[in-house]
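Here the structure comes first, spelled out in structure tokens, and everything after it is commentary.
By written order: A, B, C and D. Residues from 1 in each chain.
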Amino acid sequence: MSTAVEVEYSTGELMAAVMARHLRPGEVAIMGAVSALPQAACRLAQLTSAPGLWFIAGGSGAVNPHLDPLVASSCDERLLDADAVMTLPDVILVEGRGDLIDIFFAGGLQIDAHGNCNLGPIGPWRHPTLRGPGGVGLPFVSRAGRVVIYSMSHDRRTFVEHVDFVSGPGFAAGSVALHGGGPALIVTPLCTMDFDSDTHLARLATLHPGVTLAQVLESTGFAPIVPPKLETTPVPTPDQLAILRGLDPTGLLRGGA
Amino acid sequence: MFLSSAEAIERLVPQGTGLLAVGGMHMHNNPMELVRELVRRRRGVRRLLTSPSASLAADLLIGAGLVDEVATAYIGFEHLGLAPAYRRAAESAAINVVELCEAAIVHGLYAGAGGLPFIALPAGLELSDVSSANPEHFRTLTDPFTGDRVLVAAPLRPNVSLIHAIAADERGNVFFAGAHFTDRLMAMAAKTVIVQVERMAEAGEIAAQPAESVLPGFLVTAVVVAPRGCLPTASHGAYGYDEPGLRAYLKLARTAEGFTEYVQVNGMAPSEVTA
Amino acid sequence: MFLSSAEAIERLVPQGTGLLAVGGMHMHNNPMELVRELVRRRRGVRRLLTSPSASLAADLLIGAGLVDEVATAYIGFEHLGLAPAYRRAAESAAINVVELCEAAIVHGLYAGAGGLPFIALPAGLELSDVSSANPEHFRTLTDPFTGDRVLVAAPLRPNVSLIHAIAADERGNVFFAGAHFTDRLMAMAAKTVIVQVERMAEAGEIAAQPAESVLPGFLVTAVVVAPRGCLPTASHGAYGYDEPGLRAYLKLARTAEGFTEYVQVNGMAPSEVTA
Amino acid sequence: MSTAVEVEYSTGELMAAVMARHLRPGEVAIMGAVSALPQAACRLAQLTSAPGLWFIAGGSGAVNPHLDPLVASSCDERLLDADAVMTLPDVILVEGRGDLIDIFFAGGLQIDAHGNCNLGPIGPWRHPTLRGPGGVGLPFVSRAGRVVIYSMSHDRRTFVEHVDFVSGPGFAAGSVALHGGGPALIVTPLCTMDFDSDTHLARLATLHPGVTLAQVLESTGFAPIVPPKLETTPVPTPDQLAILRGLDPTGLLRGGA
């Protein structure tokens, strides 16, 4: 007879745990701006299922920042409390070489069915309805082993059929091959998706606890492939939550980073 | 070598500077004292080049109407929100955006610093829309070794670079604390380099720094000592960013009127110009 | 991660390695323990790439007959004299020399490290005979921005790089003392990287180093701890070069017989190979 | 009535003093391998006629090394006792930019009448009679403000009509323009030469004390322009010698570095 304890967790914590499980021992991951969430996921993975994982907190150049504590800005000086630090120009070399980065964490104001991400202009390029900040290093996702896309918004404005501007290239409709492995996982507040290996289209993988298929489809501006059987996203374990909360005393993952 | 911010901007940044680079990254190490002086003196810039990720310095110059074009890969405030003045200017097409990526900026500065005529970019970067959106800055060539099609970017050679460092000695050798992002490259690629520092270096302090944290003085045109002059952005090695101060800006700058108020309240009205 | 020099060379440097880069500069920071192991095991290399200025490491590999081609900008011993084995091999055309310049090596490694398909060189470099002598490594293109003729060089992507650093931690993060020349770029551009170090790092020592003195462990394939292993070349941060030792080499290596004697006396005969 | 004191000086010291006088306040100079002589000249200039001179000891990356003491190898760690230090890759950027280096100190196993320098193969490129070490950064002389060529040998093997291989380009016979100012001064154990502004050919400038014109012409494999009046190279002053000897306790400039 089970005596499971009901543990409260935030959406951010659930997403961090999902992303952590995707990482493998010894891999090298990288992330850019507004990346407290993937940083927490990487540190969690290092301490649980992916020992020996490397992660580079992009703009700061920190390699395996100790996240003591987790910070909001990707260039915070506290990230330099790390196993090692690289210069930003060296990080750009590492991103470009094409055989070093296993996981690239990406995001977008728009994300489409092929995993293209847009952080630039929404609407016409020269006269946008919303001028996004810009893609920074997102074009480099084309050279990474796998791309993990995350978004704190899951709505039809964010998940669109086609992005208006490709900052981070996903799978193309045409014949152009990515140099890396392309998008592998999308993590949102509602669900996770992966990509169909034939069509390179986003496919629902798991629904977060309490989320319905109808809710996801209604919130998504493209029609994801829906597999016959949809699992529920595993919730964070008490151990995972203890680790995450140790990293995050100010609650960046609980207030919505 | 040592000038006040007023003297440095007045003498070294001509009205209509062709390419002005401003250093720092996100809300860290923005040379705000120099930027505020540009606003005070209403120094217009034909093209502003930002580091791969800019925030307040760029948004302020754009909001003040001083920038015809901006070459950038990111202007925003991370978790604090989007860049209000940049949004307003870009969405009204009041400014031309030369959309670059991190690689085009960093490799472009490397080319500018080293006298390379252009820089070939890694395969795959042509898959983003960055190069299609700005054909002026990018070209496609045939790789003479492999026959592949290759994307190349123009070199970046700022007329003037404004950067921040922690300290300078009397000959203009400066050094950085914490991360220095693309600031050294921006200086190495520029004709005129103004470095805003927190303080003077102590005797022997520069010589004790590792090679890569130092910019030798022959690359520096002028030094402006401005303690706490990066605020409300951070200065690595000295202080963190002033989050309430940044939020106050973001709130006011949502409207053109609020932006003007921010400029006046923060001592950037033209009437604040000193000789 | 941690191997003996015997294990590292045996497992990680295949016979006939396509491009082997060896770090250090002049008679400083040559990874001699690794080089001696190559000689002991008679590991042949199709092409040896040196730093812009090589000395003993290159001369020894060439003298041992292990190098088909050498890509270099300088092999010599500064004030101590010319490189005897290199001279003998080149003057008898026993080796093919791919004459490069500092710019082709350093920018070529930058291209290799960053995935750039090739690198455009500053105007004026085409006036030396370096590019004419080695048309395989250089091409001329039309600059798509200006229409000028431009010299471009191939990227350098070593199969294996052998470099020296002062210390390593248990995850293979290493750091350098003094000058590190082109050693970081050689590592960043290579598939397999073997780092010879003087010692293990103390707890927290790597984290305390500035960014640019560190090579993170994900770029390092294996570490070989070899105290005083650069001798008779110097190890910055540890010891100077052994001038009598270098002079002894230069004297013996004047003849092929003397070279063989040097190899044997210094423990590099094949009989010295350990499991 | 003059009571001049006869001061003994070495050829190296004389050459260092000559080179020092060529340097101007605030200029930026650079030198490569085997460069104790130009380093000493730069330090001497800083302490006498060219305050504010910058000099970069090439391979080491040292900017204004204190030369306490002067060392033989251009990458000696003791050079890093300096006003500042650059990385070698950054030095290569500075050399390439084309408007930063005022003075490039160059040398060669062969030096010709147009100031071309050869540190590479002598004889046929593929089968040389003497394989020189290589030119390292010498191709960059084409982008420097002025090139100062120095050689500790003045003989017909070194000074030739045409170099067999151009490591450091001088003035070309043809129409190709250098991007910098080109060779400006040659300093040898016998004399100094400059370059005629019309023909770009080497021209004798001064003879060192005790050296005859015939001796120079006999030792030179090309025919330098000989001006109507040849001055004698000024000898180092006692002050200059005191500075040089303070830098050079081991006598690198006296033993012939």
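Assume contacts are C-beta pairs under 8 Å (C-beta built on N, C-alpha and C of every residue); 3 or more make two chains touch, one makes a residue touch a chain.
No experiment lies behind these values; they were computed from the predicted model shown.
Counted by C-beta pairs in contact, the busier of A-B and A-C is A-B.
Taking each chain's centre as the average of its CA atoms, subunit C and subunit D sit 28 Å apart.
Taking the mean of the C-alpha atoms as each chain's centre, subunit A and subunit C sit 39 Å apart. We define each chain's centre as the mean of its Cα atoms; on that basis subunit B and subunit C are separated by 37 Å. Multi-chain contact residues, meaning those touching two or more other chains, occur in subunit B at positions 107, 110, 114-116, 121-123, 179, 210-212. Those residues of subunit D in touch with two or more other chains are numbered 61, 85, 87, 92, 96-98, 143.
Taken as a contact graph, the chains fit none of the simple arrangements: neither line, ring, star nor complete graph.
Of all possible chain pairs, the ones that touch are A-B, A-C, B-C, B-D, C-D. Of all the residues in subunit A, the ones that touch subunit B in their complex are 33-34, 36, 59-61, 72-77, 80, 85, 87-89, 92, 95-98, 119-121, 125-140, 142-143, 165-169, 172, 176, 178-180, 257.
Only residues 28, 52, 54, 61, 63, 81-87, 90, 92-94, 96-100, 143 of subunit D touch subunit B when the two sit together in their complex. Subunit B makes touch with subunit C in their complex at residues 107, 110-111, 114-123, 139-141, 143-146, 148, 150, 152, 154, 179, 210-213.
Taken together, the subunit C residues at the contact with subunit A in this complex read 110, 112-116, 169, 171, 173, 184, 188-189, 191, 206-207, 209-212, 214-219.
Contacts from subunit B toward subunit A in the complex involve residues 25-28, 52-53, 72-76, 78-79, 82-83, 86-87, 90-91, 93, 97, 99, 101-103, 106-107, 110, 121-125, 127-130, 133, 178-182, 185, 212, 234, 236-237, 240-241.
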